[in-house]
């Protein structure tokens, strides 16, 4: 079963909108924070080092379901796991909860694809990344 | 067949990231601009008036496929149409193209759900909005 | 002498731009995080409670000097203190450093003004806030 | 007297916050849009071409006064002019008005400094930019 990564963050005022809740695009930042934190903490691959090695992971597909809205002051628990790796793509699965009452806020998945920063085109996932990801899937 | 709404916008510098392309969350803002412009232009329902009447449309579901990245300086054509209306939800379909060469950047759909700003819970779509939306679907 | 509040945050990928550094507007979010954290930690006034009491502090004046750019992966130390309180305004002073080498990134001040959320006009600072702020200045 | 550049933009929903007005950091994006539009329209120097030539203008100093808040639905008129050029820095002056009633929203100035994208350090302003800027000041 995939290993879960968990991180917590607090809603920033700038992430709200005039509806009085967190703007829907702000959650994509939380998802990005979740997967880069998973890379740093679980894979020992800080994303800045991935880029220094000449690679990047661009978002190819979003599939996000909003279940309940977070508000300013909420602490959010971001659960991230690696759903799968296929060819040049790595897909992350998510569950976001409100810390105070475990209410489910967001579920979804984000598919990323490996790119070469030199050619700015698709690239094979480098071996050291592939192996690190595989440890999360076994 | 659904009526297409078209708007153009130019990538802002702040919408790029250090990968040198438009950050994936910035496109959600373009999608939001597309559907509120459709409401204003095609439905004669500026979103600020929807809210003044006590309603809002919250995003419930994102299904977005990134096909090619836009860069700073690009002009983007946002094609929006209403895919469907069911119960309290309205779903918008999208195609985003780069103006200079018609390259397809983004396809996807966004489901929104009608909310009462008084109760902050789900609400039936008010009749005048339902009728306006229906004209786009017939 | 004013009491310093210190918080740390890590640069998010979405806060960078294609110049490869943190976009200048992203620092304003760090400044906002600094002063709301100061209110929560030093004044025991979480900003959500200020708003629930019917008040808000709107930014009236920015005076910010950018000295060095932060990059993705940097941890930033936000030092915030209350520079002064005069009439309905509270002014915060800032020094932002990079955690790894103490390089000075930003200095500046932000003046905020008390507003009534009911009238959306200027309001006197409520007594309990005024007294809490005063403890930081004595 | 300096030549004024004028552009119009409409407040985006994502630029508001839960106070019901445009978030203060969003105006910095309008200021950036104002000066890059001035460069494109008045100087014939689209900013993407400045970067392709190996240069960038980083923000060094913000001095912004918020006078009245804009709300969702407002159209904003951004008046930008070049206040001065000294050494490697170019300073822009701003007046932002609400289109509907000419209410003054923002006044301020933003100092930018020329950078080499190769060294990521300060650089002399290239001659063709210097000459173009000079035409705005004579």
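Per-chain numbering from 1; labels A, B, C and D assigned in written order.
As a working rule, a contact is a pair of C-beta atoms (placed from the backbone, for glycine too) under 8 Å apart; a residue touches a chain by one contact, two chains touch by 3 or more.
This one's a predicted model, so the numbers in the text were calculated from it and none came from an experiment.
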item	value
Selected pair, greater C-beta contact count between B-D and A-B	A-B
Chain separated most widely from chain B, comparing mean CA positions	C
Distance between the centres, which are taken as Cα means, of chain B and chain A, whole angstrom	23
Intercentroid distance (Cα basis), chain D paired with chain B, Å	28
Chain D, residues touching no fewer than two other chains	13-14, 18-21, 25, 29, 32, 51, 71-72
Chain D partner contacts - residues on chain C that touch it in the complex	18-21, 24-25, 28-29, 32, 51, 56, 58-66, 69, 108, 115, 117, 120
Touching residues (chain side chain A, partner chain D) in the complex	13-14, 16-21, 23, 25, 71-72
Complex contacts: residues of chain D adjacent to chain B	12-14, 29, 32-33, 36, 46-48, 51, 71-73
